[in-house]
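Both of the next two complexes hold subunit A, though its partner changes from subunit B to subunit C.
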Partner chain A sequence: MESRVLKPVLAVYVVLFILFLYGPFFVLGILSFQQGPEGGPQFPIIEWSTYWYRHIFGLTPPSRVAPLPLGESLFRSLTLAFMTMVTSTVLGVMSAQAFRKKFTGSGLVFYLIVLGMMVPGVLTGLGTSLLANNILGIERHWWSTAFVTHVVYTFPFAFLVMLAILNRFDGSVEEAAWSLGVSPWKTFRKVTFPLIFPGVLSAMLFAFTLSYDEFSRTLFASGRDQTLPLAIYGTFSVEIHPNVFAFGVLTTVFSFALLSVYAILMSLSVRRAKKIAMQEDIV
Partner chain B sequence: MAEESAIFRLEGVTKTYGGVTALRDVSLSVSGNEYISLLGPSGSGKSTLLRVIAGFETPDRGRVFFNGRDITNIPAHERGIGFVFQNFALFPHLTVYDNVAFGLANGEKQVSRDEIDRRVREAIGLVGLAGMEGRGVHQISGGQKQRVALARTLVMAPSLVLLDEPLGALDANLRNRMRNELRSIRETLGVTFLHVTGSETEALAMGDRVVVLDRGRIAQFAKPDDVYAKPATPNVAHFLNRYNVFDGTLKDKTFTGPFGSLAVSATTPSDKSAYAVRYDRMQVEPDGSKGSGPAIPATFVASEYLGSSVMYFFETAEGKVIEVEHHLSLGAPKTYEPKSRYMLRWKPDDAIVFG
Partner chain C sequence: MSVADTAPRPRKSNTWWLIAPGAIWMALFLVAPIALIVYVSFWTQTTFKIEPTLTLTSWKTFFGSDTYISSLFTTLRIWLIVLVTTFVIGYPTALFVGLFIKNKTLSTVLLVICVIPFWTSFLIRVLAWRPMLGKEGAINIILQKAGIISQPIEALLFTELSVIIGMTQIYVVFMVGPIAFMLGRIDPNIIEAARDLGAGFGRIFRKIIFPLSLPGVVVGAIFVSVMVLGEFATAAALSGRKVNLLGNIIVTQVGSLKWALASVVGVILTIVMGLVIAGFLRIVDLKREL
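== the complex of A and B ==
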């Protein structure tokens, strides 16, 4: 009886959820094909064109719309996201590994780590910049102070992902390796790491994407040279043009391409394993 | 036993987990080339004992010796003691071949590729898995998995292999086959097996000698027929699942239990008084029969056909269940009337009196 009411309600909820999730992206996607340079970021579409895509790559004749300051800021953001990803993932794996055994103060350490993602970003950013300027007396850079705030922010995510993975991990395979005379470090490399690798990959993705579009912490902590989100925000403050939308679409397509390559590789390896099994059954 | 010939020896090993004592002052000495089975109910500390010997756990007190060397503080990977897990613990990302080759290929000692290949194929052949080398461990059955686990351990040529309920995850049919195979593999290689099990039949069938653990202590360490015929404590008699154990008091060579007071001649020293009679040493007589010897009245509940014998279940006035086993070689099974009273009688010499 209950489900007769509950089910339609939940269905409507799910539809609304998906609408709000993908709606903005569809609107941006459509608007990115607006005519340029006169067409603005609103409906109706005057004429379908790829003008703003060409504009991003500097393939359009000069106009009153300044090109997006992408080149250097994109490089900085990618580099910073990569550095953050590597550092946070290594830290996350190591600390989650440490938490497999209860140690004195483990509860406190857990909350101290997780605090990094709880504290408002503006506070962390502002605090870091004050600490660097007034107390340590060092210059702020995207690769130093901003990098630290990014690690503080993304490390808890990597840590929690790895904690969940290691929670389900059956430690007896490690003990089996030890009893075969294999050292703990080699056991980690040859047994533990390959088995938790899907988790490590998720932790890396988390750290990378969180760092790549991090705004509030970077705003105060990055100093003179801006990262991509800051640079794009800088152009907003004057006027918004559909070139930002076009860039958003390109970024999304790029992400999907990466995920597709990952999915293809995964399914290939699964299929190979199945093929081997079938051959042996025939033999 | 001379201590020099002992392959491993425990001295006063004690281990506590958060206030619960898993092992209390355990001392044990085992010589080479022996099949030892370690019997104990769950919670008796038998797995902990195995993990202490393997080096997965450090004892709170006591020493562990292996091949004459004190290994108490030596990490597991430097001990050279094999371990076979109940859940197999195979490396899921590797093939059968790579699972077996793992220890040789990744150990501290360099082993040539040719030698690894030779030894791996030999071990795989020994456990009867030739031809399965290239399979993933998800593509083989439970029994085959346990063979891989065994081959993986034996390929390292350990002189001691610890088996933690290795047959527990297999179905009954397979379990019986693997029993024989484990014994013959061990005899071929001449290594010492320490096999932990919660099954009394498995412990008695497989061990050259049986260790019985009771609440973290060794209650008995003897040959299977000795354990079976002369359990050292009332609890050992209980674990064997072959004895009706009656509580009572022993005073001045008189045991007072649910069947009244009996004069007893020989007693087995124990900290608890009890009176044990084997299932197959009890006779069922009609109610009110005036035979000689001790007897207890009981109500028939049910019977269970076991193939070569039949088990009869009776209940005493106090609600205690008494089991009587009738071997079919001694005659056709009898039928008893449910809820009727019978007299269960035994010879005084067949009883074991603890106290």
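== the complex of A and C ==
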């Protein structure tokens, strides 16, 4: 039987594939513990140390390696990601809610929204800069022009997530509320929203992480003040030091922390939904 | 009059109020900017200023310059190579995850493992290849320790090869996902039937598995194409400024306030992308398949 030969071969291949995906991170992680400030971003490890981690937080004596400009850019990135998350989730829930009914032009609007995640950042970034710079004559800022391009990018993700959730949504509970005289807004708040909350959470997670890590749109649209990815990009042009690697490890840890919070919230809301379902069974 | 008729239910006009903010946002900040790129590409550019007097000068500059033309071909070449490498490297993985793993949990776990690197910053992922590929990088050290090479390979970093390796690693997952999804939907009875009729694996693969996975390949190829064609950061970080993609030209031109020429490159990029996507959609009718 061929599959008896093929399956183990493919299994070995997949292990190599995963090594290919993860290899650079291991190397990056190892080199972040390079000795400092003389140790460079390459092998061999002169001596294991946490110098570059302390360097990031400004805990080392000043040396020829300038500290990464993290403080303010981190604040900007988090604020921008939060603004983007709220806006695109609200827009996503509203649009997906509208798509539950057929309306004229729904096909066109669908493509219009999905286009936002397909058009490369170079183009939306360039276009928005042109709009601000040459038509409106306004200055570009991370909280204005970069913010609107971030929403253009993340809103389609939120929309698709909510669309998938609402497709499987049983409308009869809403009908029941309406027929009991509950207003549509109150029905949405008290009935629909709690039921679609896991989807809202996923949409928020998508929007936050995409915006937090967004680079190409921000490069064009954010003007003078840097966000975190721009600060990292700034280190590309000059010599790199292991502090960038240490920073990479820290951001990865931060992402996982965020992911764990999401997983915990998700399992809590699923458990609560199950509990309610069980109570209904008993009644 | 029944109770249900008097009950406050959402009216039809509500749909418009729900869809309007999103649609207007996209029209203002996506469609208008893209249209503006086309318009500005015909503006008159002087050293420090740009004026809305229509001219073809920037277009002539682009097509009259070897540097810009060659960046167009570099972009197309790297796009094609990365498309092939992501497909060749990704397909076997998708085959294993989608078809050979019968256990749904295990295949989900494998897919999640593939997606986890995306939780690291894109730029850090690109940067991670530098200590990997450099002259004193991990790959050279391993190959030398293993006695495969005696001298470190210098062509690994700051070349077109490093850009291709970097892009392949970053984008291969977008190929694996859709293909694995389509392979997972194949009815095992069809393969069983073909086997009972005496078909070998090669024949089953050519006649059944591959054609049925084709919509996944097309979706993956569209994802990879859109992202690679719009790339510039990987080239900037891993090629040592030797590889100039269309995206890099846009960044440099905007950096020196040459908005008109940047717009010309933007329009060309949009056209290339439109042609590529239209071409892929001709292979498979996605609406019917998905």
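One rule holds for everything that comes next: the second predicted complex is superposed on the first by the 243 of 283 C-alpha atoms of A that agree within 3 Å, B and C clash if a C-alpha of one lies under 4 Å from a C-alpha of the other, contacts with A are read in each partner's own complex, and residues count from 1 in each chain.
Please note the rule applied: a residue touches a chain if its C-beta (ideal position, glycine included) is under 8 Å from a C-beta of that chain, and two chains touch if they have at least 3 such contacts.
What you see is a predicted model; the values in this text were computed from it and never measured.
Given the superposition on chain A, which partner contacts more residues in subunit A: subunit B or subunit C?
Counting contacted residues of subunit A, the larger count belongs to C.
By the touch definition at the top of the document, which applies to A:S179: first (subunit B), second (subunit C), both, or neither?
A:S179 contacts both subunit B and subunit C.
Should A:K190 be classified as contacting the first partner (subunit B), the second (subunit C), both, or neither?
first
List the residues of subunit A that touch subunit B in one complex and subunit C in the other.
178-184
What does subunit B use to touch subunit A in their complex?
Interface residues on the subunit B side: 54-56, 75-83, 85, 87, 89-93, 102-103, 106-109, 131-132, 134-136, 139, 149, 152-153, 156.
Per the contact definition, I'd like the list of subunit C residues that touch subunit A in the complex.
Going through subunit C, the ones touching subunit A are 3-4, 7-10, 12, 14-16, 18-19, 21-23, 25-34, 36-37, 40, 43, 50, 89, 92-93, 95-97, 100, 110, 113-114, 117, 119-125, 127-132, 134, 136-138, 141, 169, 172-173, 200-201, 226-227, 229-233, 236-237, 247, 250-251, 254, 259, 262-263, 266, 269-270, 273.
Which subunit A residues qualify as touching subunit C in the complex?
That would be residues 2-3, 6-7, 10-11, 13-14, 17-18, 20-25, 27-28, 31, 41-43, 91-92, 94-95, 97-99, 101, 103, 109, 112-113, 115-116, 118-124, 126-131, 133-135, 148-149, 151-152, 155, 159, 178-184, 209, 213, 215-216, 219-220, 228-229, 232-233, 236, 240, 244-245, 247-248, 251-252, 255-256, 259 of subunit A.
Any idea which subunit A residues touch subunit B in the complex?
Touch list, subunit A to subunit B: 170, 172-173, 175-184, 186-187, 190-191, 194-195, 273, 276-277, 280, 283.
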